[in-house]
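To start, the structure under review is shown below, and the notes come after it.
Letters A, B, C, D and E mark the chains as written, and numbering starts fresh at 1 in each.
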Amino acid sequence: MEEKEIRIGVFICHCGTNIGGSVDVPAVVEYAKHLPNVVHAERNLYTCADDGLTAIKNAIKQHKLNRVIVASCTPRTHEPLFRSTCEEAGLNKYLFEFVNIREHCSWVHMKDTEGATEKTKELVRMGVARATLLEPQEEMKIDVEQSAMVIGGGIAGITAAKTLANQGFDVYLVEKEAVLGGMLRNLYRLFPTGEDSLDSLQPSIAAVEGHEKIKVFSSCELKEVKGYIGNFDVTLLREGKEVNFKVGTIIVATGAMEFEPKGHYGYGKYDHVITQMQLEKLLKDGQLKKSDSVVMIQCVGAKGEEVSYCSRICCMVAIKNAMLIKEINPDADIHILHNDIQAYGAEYEELYNKAREMGIRFIKYTPESPPCVTMDGEKLKVEVYNELFGEQFMLGTDLVVLSTPLVQHQGGVEISKLLRVPLGKDKFFFEAHVKLRPVDFATDGIFLCGTAHGPAEVAESVSQALAAASGAGIPLSRGFVQIEAISVKVDLEACIGCGFCVEMCPYQALDMVDGKLEIIEALCKGCGTCVATCPTGALEQRHYQNNQIISQIKSIFHPVIE
Amino acid sequence: MSLENIVNETKAYYCLECGKCTGSCPISRVNKGYSPRLTVEKALLGFDKELLADGGIWSCMTCNLCKDRCPSNVDYTKFIRYARAEALKTGYTGNCTHGGVLSSLMRIMGNPNLKQDRLGWVSDNLKISEKGDILYFTGCLPYFETLFKDIGVNSLDIARSTVKILNRIGIKPVVMPDERCCGHDLFWTGDLENFEKIAKLNVGLIRGTGAKKVIFSCPECYRTFKQDYSEYVDMDFELVHISEFLAEKIDEGKIDFGSLEEDVTYQDPCRLGRHLGVYDPPRKVISSIQGIGLIEMEHSRERSICCGTSTWTNCDRFSEQIQKERLKEAKAAADTLITACPKCQIHLSCAMKSKTPIDEVKIKDFSVLVASAMGLGDDP
Amino acid sequence: MVDDVLVIGGGVAGIQASIDLAGRGLKVYLVERFPSIGGKMAQLDKTFPTGDCSICILAPKMMECFSHENIDVLTHAEVKGVSGNAGDFRVKILKKPRYVDEEKCTGCGDCVSACPYINLPDEFDMALRSRGNIFIPFLQAVPRVVMVDREHCVKCGNCQVICDAGAIDLYQKPEEIEIHVGAIIVACGFDSFDPSGIKEYGYGRYKNVITALEYERLVCASGPTGGHLDRPSDKKTPNSIAFIQCVGSRDVNHNPYCSSVCCMHATKEAILAKEHYPSMENYIFYTDMRAFGKGFQEYVDRAKNEYEVRYIRSKPGEITEDKETKNPVIWYDDTVTRQVKRLEVGLVVLCTALVPSKGIKELADVLGVELDKNRFFKIADPLYAPLDSSREGILVCGYCQGPKDIPEAVTQAKGAAARAAEVLACLGA
Amino acid sequence: MKEFDPKIVAFCCNWCSYAGADLAGVSRMQYPPNVRIIKVMCSGRIDPLFVLMSFLEGADAVLVTGCHIGDCHYIDANHKTKNRFEFLKEMIAELGIGEERLRLEWISATEGEKFADMVKETVEKIKKMGPSPLSPKVMQ
Amino acid sequence: MDPKIVAFCCNWCSYAGADLAGVSRMQYPPNVRIIKVMCSGRVEPSFILRAFEVGIDGVLITGCHIGDCHYVSGNLRAEDRVKMAKELMKTLGLEEQRLRLEWISASEGEKFASVIKEFVEDLKSVGPNPLGKGEASCP
């Protein structure tokens, strides 16, 4: 529709006395009438009230307006309301301009009515200048492939796949190993309930393997992932053969592995120094022989030694295993050497109390003078300075168990490169926002859960898996993804391929493909940082175009010539 | 009972080593060498011998401050009591003050052949009876009178005032001629053998009088009867402290406490307050005296501080510091300090007499105050 | 079988669950007891470990939830009755009167300044500021609608005169609404434990002993003191602050569980104090320093090294007060040096336990679900169905399911949304 | 001649500083009416061209505002704003317009007072400095 | 009935008196066990009670005559203590005669012997210590 003539309608709001109290609204309406391209101007007591909205709709029809300006409160609360009003009247909602004359004018210049009125006039003038250059926009709708891929077949991946499939979506569950189950396969019992790890896992594995909506690809690797939200095309490598399919969303549940404490406390040097996972194996196979006296050492490699973080679950793993040993051998003498026990929440604090009740003794050591393990003839000897008691302790023991942190594994690093999603300083996957978007990646359409996000125990991994399934399920259930039309577009003639813009984008929406810029509109969040870097002006941001902003600047200083 | 059983019995294994006990303990605050936390940790970490030989376990005032505040509910007071009993068996004992005359007296009173003549203080204007429903248990007041007259404490005034008050409301209480010490200090220093003898003796004597309700003026006797006798002997009579008894009377409107123009402050005895939770009755009685001003000290009710020593053991310069501090706090509140326990009165008065100057605080017993307010005067 | 979902509780968890469900095209009813959504997170100044301004990251979500066409937000309302079962619940909701017409009120606030009786404690600002009989819940409230405290209002009519929108109706009646939903998500959050029962710490007796939530309001730029840390006794900025952990938490006599967030929010609050006032001395009294979440340990290390926060491993025995200066004095056994010490500070902040919100028992009875001994919702299968309550079709998330921080609450909210969708899909199929 | 009334252009980002300006309004904080706010989605969107154009058109001062580092809705866009601002300041100084006329301020949604104070300070300072050398009042 | 007596003799006068009785071969019944203390003032009420507690029938405290005390006022203190001890014994129901205080100078060997004889007779008439012999276990 070729725009012959620009017909702007201006609606100035009294907002009761909030604006009318310190701004001469009628004078502003009079002034607006004479601004270029303004064919209609009126004022209303409450533009956001029903009568205000109907006034706008009637004016659009009556005066065949193709631009609407409302001058009232803040767009942050009322812009969606006025945009939908314009749409209802058949006007493209991007041909609407909001001018804030309450929070930014009448309320902050209450005593200076003359100054406030002048400012209001100028603000309306800026609005008219911008409105003149507004262009209709269509919000891009991207169809979404009605299927999802879950990478990783541990408890997190299984739960996410099951939940999505139960909601009727096809799920491709990709697992590197030959069997599903991940880390829980080689654990013995789980805290806090004490259920047997593998038994409790079977029903979920069976549900996933039997589910007609889930295709399980075990012992295979991810080769390549291209595309964007709604349209990821994935290539797998299975026994040398390539498998290819398209999915709408992706969930990363690649898990983590136990840190190998080589060189710590005699691990590798003395054979009775083992890790918690090795202890679980011994317990599982019932081969725990000599265990009259056991010493467990916490935070081996964590909290600043090899990794800087606390691995959250090793205290509870240690306590659970210590209690299992006590069950087998009630007079076992067990000491846990710790640097603050992380028994957070309700169940874990209760378990920690129960452990002390069973006679398991806890000794706090200082990181500055950690325990040291030596071989004294046949028996292991652990020397530790009890910080709270203020004395050096000598513990002869049959077994030393080291609690080590969970760390990212090589598979996870590769997946992060393939999906071009970032890893944090702690090498675990880096979520979009640590507080309010914990299971989303910054890149839309890719979600995260389980120990790939960071150390977590079973219930927490399950909750994260459900959350990731929720995130992944939304675009699938809607069938399309609607992007606010404020993304960037490029004029390929003007683009010199310098690539400055690509570094600017934290969402990988820009890609330099053989010298020419390619924009994945679905990923562009509309911040406009790249536009500001483009030396040649090839890049432009819809609805916040350079000329629109410059026209606002100009109109501040001198009225736009007729 | 071995150290391990003591740990299990008192749930000391729940200790989180958080230090709140030592942070609250009035002794630890002045005596760097004593820490309830380290004492428990010794037991947990197997230092049995060192623990039993440690003189510190006898310094504990068993005032329950730490027990009430322990987030893991470790019953430290019971822990100390059991540890003392165990230490006693291995030949260790606390440093008995006054040459141990008090503990000798108690043990003597545990001897069934004893025939005491302890009613010398009952002058003819005091009406008491041999048999009856209500019995007034005087505990060790006659002996305290003899021992502590010279520091200006007349413990028997407490007994006289109590009887006068009871007489005023029409009660002729039974006062037993051969009543024995309640055995509190034996119990708390671990001499359970003598304690059992005394408990049985006393209950037998009381049953003999047919009493239905026993009134105590001493909180230590009251707690010992109420919580510790039941382990050894069952009792079929009610137990009540004089302050509770009088408070009930106020509700029944049967008593008028007269008037007294004076500002006083009240020392909550550990046994009456923290051990038994009796905080309000004494305050209710005192404040119902017209014209009186009851001003609370900084540390009062659940937070009140002990009078410095318990079971007559390990009274040392640390106890004196605590007592001095307590008297200073009392002085800041009012000129007269009301105590509801004969031992508090003795210990605090003794601290008042010490050489280093300390501002004058009049120390008066609860019953004596009430009696004088009621105009019963203190004529013998 | 009906697809709508009821979400109870308008905190960050309830908001996130509603957004996720509405995003799927499901109709959501969000019921919130307080006159505005936002919950406890709206009362925070900053959040750990990133130090984001809490309302900056919450307000967009509140707006997105409130203005979403699939979400009906019912504020100042409570669930009174639930019948039927999964897939077919009939829920009675009591919309308590605001005495203000939500449609007409624009939240301008003229009536608030017109009300002559400014003497009631402002709940949102933890009674550190007083409000009138007609008030806006808080500056960034969503919906931005005032409310009349009918109990204290003397009907002087000043507000009605000033309000041109004619929104105030002092005779507004409570409204009973019945809705028909397929699943229910409970996210009723927590309350802060009242530490006045712990007499030895003197909360309520000493002016300069405050709780952590009160501290958050004091340092918040839109709080009662505009972000200036004025201590209650003399409105001056203290030169030292002591944060005390586990007040009422890990305490068999009060709440046996660990509230999981206090070590971290104390560290954040100490860092905040140091940022605003570089000469401030900060002490944190702890028993076990629990920094187990993502980036938490590094945050604590920074607090120690960069912001010179001093961590003392001890739970204080008692707090007294210096009569003249009104400075709280902390008596504690420093378990590492094994010495009993005395520390005088300008301000004490008690990091109290966080307990299930008032009325959770009644809500549980109405919903027909069980609570565990700590009065959190009882979870039948804690490991593999952590968000399912003891009754089918009713999901729980956030703090009312157990102690957790904001990211875990948001995660569980999204998880509950997925579970609700799954339950509805399975019932529908 | 009317007393010199400086004209100030302010760029605010949609998520934090614009909300801060709103909060100043909601809390009725008074400040002089010399500022004109232009809303952009993110402080990263502010092209150096806009700042120079403002001075060219006659602005006596330009305020660039955005979210605090780490608060940015678009993760790290405000880092780029900071870099651009550094070299812009040098250019304004070299051009002789006066470094003081250009100011960068991070403002969160709760810092209404900070926004109002910033405007008041800038207006005072510019009144003392006088109009910008490029301003049309001076040019005629 | 053979009463058992404990006598506290002060090192300077009464002990010397007892010695003199021995040197002069004065005979007196063998019921007494002498404990030497430096001064009669050293004797605490607890010593007296402890003696009765373990079943001693009579306690004799001897010291220098008033004014002769090698430590000026030790014997005066002893007088007060005995008075207090007697009061306690009265309340306990123990006969007062079981406790005697005598001033015996170094030259009064004869007086020492006669006091002992007299005391044994008295105790025979009073009867044995009602608390019995050594039943009370004491640490």
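Rule of thumb we're sticking to: a residue touches a chain if its C-beta (ideal position, glycine included) is under 8 Å from a C-beta of that chain, and two chains touch if they have at least 3 such contacts.
This one's a predicted model, so the numbers in the text were calculated from it and none came from an experiment.
The minimum number of touch steps separating chain B from chain D is 2.
Under the contact definition, chain A and chain B share the contacting chains C. Ranked by how close its C-alpha mean sits to the mean of all protein C-alpha atoms, the top chain is C. Compared on C-beta pairs in contact, C-D and A-C come out with A-C as the pair having more. The distance from the centre of chain A to the centre of chain C, each centre being the mean of the chain's C-alpha atoms, comes to 23 Å.
Taking each chain's centre as the average of its CA atoms, chain A and chain D sit 32 Å apart. The mean-CA centres of chain C and chain E are about 79 angstrom from one another, to the nearest whole unit. A separation of 46 Å divides the Cα centre of chain B from that of chain C. In chain C, 50, 52, 57, 250, 288, 313, 335, 338 are the positions where the chain touches two or more neighbouring chains simultaneously. In chain D, the residues that reach two or more other chains under the touch definition are 19, 23, 26, 73. The set of chain A residues touching two or more other chains comprises 76, 353, 388.
Touching chain pairs in this entry, ordered by label, are A-B, A-C, A-D, B-C, B-E, C-D. Partner chain C is touched in their complex by these residues of chain A: 15-18, 45-46, 48-49, 73, 76-77, 80-81, 159, 163, 166-168, 190, 192-193, 195, 200, 204, 303-304, 308-310, 312, 340-350, 353, 387-388, 390, 424-426, 428, 433-439, 453-455, 458-460, 462-471, 473-474, 477-478.
Taken in their complex, chain B has these residues touching chain E: 88, 91, 93, 98-101, 103-105, 107-111, 113-118, 120, 142-143, 146-147, 178, 191, 193-194.
Against chain B, the residues of chain C that register as touching in their complex are 199-200, 246, 250-253, 287-288, 313-318, 320, 331-335, 338-340.
Remark: chain A residues 353, 356-357, 359, 361, 364, 386, 388-389, 393 touch chain B in the complex. Interface of chain C with chain D (complex): residues 45, 50-53, 55-57, 59-60, 109, 139-140, 220-222, 226-227.
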